[in-house]
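Letters A, B, C and D name the chains as they come in the text, with residue numbers starting at 1 for each one.
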Amino acid sequence: MELVKDFNWKKGMTVKELVDAYSQIGFQSIELKKSADVIVKMKKNSAKIFLTFTSNMVTSGLRGFFAQILKLKMADVVVTTAGGIEEDIMKATGEKFVIGNFNSDDVELHEQGINRVGNLHIKTESYTNFEDRILPILDKLYAKQKHWTVSEMFREIGLMLDDENSILYQAAKNNIPIFCPAITDGALGFHLYLFQQKHKDFIVDVVKDFGNILLSTSFDEKKGVIALGGSISKHHAILCTLLNGGAEYAVYMTTAHKTSGSMSGATTDEAKSWGKVKDDSDVATVIGDVSITFPLAMINALEQLTDEGLIKGVDK
Amino acid sequence: MELVKDFNWKKGMTVKELVDAYSQIGFQSIELKKSADVIVKMKKNSAKIFLTFTSNMVTSGLRGFFAQILKLKMADVVVTTAGGIEEDIMKATGEKFVIGNFNSDDVELHEQGINRVGNLHIKTESYTNFEDRILPILDKLYAKQKHWTVSEMFREIGLMLDDENSILYQAAKNNIPIFCPAITDGALGFHLYLFQQKHKDFIVDVVKDFGNILLSTSFDEKKGVIALGGSISKHHAILCTLLNGGAEYAVYMTTAHKTSGSMSGATTDEAKSWGKVKDDSDVATVIGDVSITFPLAMINALEQLTDEGLIKGVDK
Amino acid sequence: MELVKDFNWKKGMTVKELVDAYSQIGFQSIELKKSADVIVKMKKNSAKIFLTFTSNMVTSGLRGFFAQILKLKMADVVVTTAGGIEEDIMKATGEKFVIGNFNSDDVELHEQGINRVGNLHIKTESYTNFEDRILPILDKLYAKQKHWTVSEMFREIGLMLDDENSILYQAAKNNIPIFCPAITDGALGFHLYLFQQKHKDFIVDVVKDFGNILLSTSFDEKKGVIALGGSISKHHAILCTLLNGGAEYAVYMTTAHKTSGSMSGATTDEAKSWGKVKDDSDVATVIGDVSITFPLAMINALEQLTDEGLIKGVDK
Amino acid sequence: MELVKDFNWKKGMTVKELVDAYSQIGFQSIELKKSADVIVKMKKNSAKIFLTFTSNMVTSGLRGFFAQILKLKMADVVVTTAGGIEEDIMKATGEKFVIGNFNSDDVELHEQGINRVGNLHIKTESYTNFEDRILPILDKLYAKQKHWTVSEMFREIGLMLDDENSILYQAAKNNIPIFCPAITDGALGFHLYLFQQKHKDFIVDVVKDFGNILLSTSFDEKKGVIALGGSISKHHAILCTLLNGGAEYAVYMTTAHKTSGSMSGATTDEAKSWGKVKDDSDVATVIGDVSITFPLAMINALEQLTDEGLIKGVDK
């Protein structure tokens, strides 16, 4: 029986200390600390870890953190959306995103060639620059072969990039596959389409790639899902682990609530009806903005794992 | 200058009368009536209407309403997710979904072979029955050709069904294309994969299908988006209209908020920064559960349009 | 075992028909129909009904509906906040509220003397007019007695008003007490304070009024709570029924979620831990904007009750 | 023009470093860092700081942090609800609250005499113990005088307690008034009522206390509001600062959204229409669970202020 404990600040408090204290504060802070502990369990028990996120998180500075997580081998499989991929490439090739305001005059922004994602801005120019960069990449891919699965294509692109903070780069360098079931849903899709118009035998085979994610794990292996936000990235990882007997561990971090029956808001409890997770200590759902909650939970987990020598190569 | 008006109930009040009154109540009720009026504008101005929804809405009884909307030609293009497609087929081939509870014992449900989607239940049996039904369908498709786009495949499947309440059936019958940028993200994807394992030359071409949605409209045409829920269905319709110069009209109905910068919560205001919509009277964002809000807004629009003779063939 | 049913619109559909259909659609629509049925149960079983709402709902056009509900004797006790009381008086004495926009330029509105409540506007002028109207009312009250409880004061004020759409008027006319545990939290509080400065023996006795709400019901009586929104109005009604052995019926309609442990988001399930409600068929929590959901649920209940002859004096 | 920056974890990272990095991540993390900076501004510019919170936060371990904040003189006026006061007294007199689960069997909890507040538990026994403790306190208060304002009563009670983590204790010791416009809305109200039944001349004067909060600041003084959660605590602080010419600084932290027009969800932008705040750099609204967000923002502010020597007496 754990008691609520009065929280007190100490000068110089670390993130680990604060998140440890969260376990006795209440409400979502308790769930957040629980999620850190579930992540630690995944790693300790050598589970295959599926990390999923939506494109707006790649728009944000979490992108560099995702890349670092891959570098530290804290994820074995990544699932995301087309927007996340193209923005990772944009940033890896020099584009800068700007901090704006939730309450902008959007008509004015549009006139300035600025596209708003919450309180972040992407210049229309970044999209035209992306076009200049993706075309030679597609040429190189096509020169190599005509028939690609999405994850293999991403691996090739990752090897062409040179940015420690790039998700594609770190994934390729660390042999971590990235899946994207809706590859055409973005500027990338548009350029793939235009490319195919010129090269009729160019094929992106999503069906075959479903086999790749399916075979990325197995019934015998322990599996964990860290799903940030909802959408098909979350669903795809859950689907894959389900077809492999269900995940043993699950952490869902989202702003969506379960009350509308959406995938985005589906909790780790609902997951129990579909699959295999049985023990409350192995799942956690944290309601809140991932830009705040995910660094807290993951840093707490990373500090625990580093202290126990389970993560190597960390600069102190 | 519109005034707030004290609402009074009258015995036998119709949905149209209530939604008309909403315009003077306040908060989301005002936005809901606005959304009905934007839908009417879309139709009156002969805009090409993109209707998007997520799979949980097809799990719900909204499925029959979507089919009816297609029959009444109130949408010209549909975008949804793989789950929505497979559940439409399940229902069209006799599966029944059951009303449950948000606070179920999910471990117990799992033991009973019941999968929970919010307060709705799908039996595991329905998925095995789906397998029995989709395999001969895939055989027929393959016999016809080896290389399919997603929307063409859906059209063929729709023609094989016989259910007035089926989305695929009504779409096929009324020549309305259905797009699904993440075709593999569901049981359907699994069966496509297994099928491809046996028939190596079976190809689902998502890149080519991006061309199909892109060419489903044009710069010259007026365009309207009715996006229910978020996810890639919403994003894909917006992307397509954007690449065609932007939508003139937009109605977003969702439970997500704009505060986390997600696509699901992006408002019609944010859309202005990306595209073309300029006039406040042509966009509406309604926050609320679509199972409640969409029938209200669409019925109000349908009643207006029927009264003006703009929708034909309605049983009175 | 209730099944999900495909929804179809019929021309001229009534609110009652739509809400009846909600029971088989899914997600919050099911909960909404359940809430209508719980309200019907309250009335049929002669429960004492506590209706609570927050001041923003009185800013909206729901005010007239609340008044009508009191007239139809669908509530026996009302709990609200100071803002709700003062705005009811403002409207009863001629002030008009205006429909605005959620995304206004608030600095500009301020310069125009306009105060924004979501997408509704209240002129600063309405507050100065309120001052002119409340002062003679306080004079009359003081002339009658020096020591008032809040609910008795409201009854007197209600008798001075002449507006069928006024909550205070209908409450007074139908002998329904209105409680307001935070009477000073509004412009009303300011005027009470200034009045007391001139009349040192003027006392508003909130402690005594707690006795009044406590004695407004009893252990022997069945009790129902209809709580719209959260805040202390909701809490106060629950507290009072709890001290009388717990409510048998409860309907909570709110936009708040249970995940932060707040009173506003507390569900009818959480209520079971505190009190007496035991049967799931007697409680309902509906997540959504009350400006949309409450008219739907209450109209469905009113139509049912009128059809069964349990509500009299309804104009057809 | 601030750029989005890729976030990277460093071993041993402090809370201050993380929150500093938040300013370049995106979405709510940016708003959170902004809120920390607004709090620093309040202090640097010697604003009178109004801190408001709801009772569930006192149920949680934030209670000790609030007490510490008062000890560090980071707030000059406190506004809260009755539940917050009684739970502070309970804890100061030895009651322990327990960490539970959001998805409990509430009927079972009730049988065990456990009351649930989100994922926290309060035993019914704690309420009966509270009764034993509050009665002698009321006797002492009554022996001193018959006529009390709420804030004066709280000061007296605070002086009777002996707990460094008690809000009432630290407030009394540091001459910080606590206001509670809805004093009767809790177990405290019930005991006040019973006490008044025996002592008819015992008066709690809320109207006079409105004068006390009104005179706690002035037009000439700079004012800042830190509102945690919504409800009347938030509204009361805003009302008081408004009647004194408006607050120069405002930080709102809440899970409520502005879309339903409620006080809980009202943003600092909406506040501009009512008052005086003009500069975006002086206001911040953070959407998220206060149990996570408030420690982060306040610790960042405390570290900044301590580093600059603006807070004294901090143990290092």
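Keep this in mind: contacts are C-beta pairs under 8 Å (C-beta built on N, C-alpha and C of every residue); 3 or more make two chains touch, one makes a residue touch a chain.
Values in this document were obtained by computation on a predicted structure and should not be read as measured data.
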Most widely separated chain from subunit A, with each centre as the mean of CA atoms: C
Interface composition of copies subunit B and subunit C: same or different, split at half: same
Between subunit A and subunit C, centroid-to-centroid distance (C-alpha), Å: 44
Distance from subunit D to subunit A - Cα centre to Cα centre, in angstrom: 35
In subunit D, residues with contacts to at least two other chains: 26-28, 56, 59-60, 103, 118-120, 257, 259-261, 269, 287, 289, 291
Subunit C-facing residues of subunit A, complex: 26-28, 103, 257, 259-261, 287
Residue ranges of subunit A in contact with subunit D within the complex: 1-18, 21-32, 56, 59-65, 67-68, 91, 96-99, 101, 103, 118-120, 165, 269, 280, 287-293, 295-296, 298-299, 302-303, 306, 314-316
In the complex, subunit B residues that touch subunit A: 54-56, 59-60, 81, 83, 102, 104, 106-107, 109-110, 114-120, 181-186, 189-190, 192-193, 196-197, 202-211, 214, 229-232, 235-236, 239, 243, 255-266, 269-275, 278, 289-291
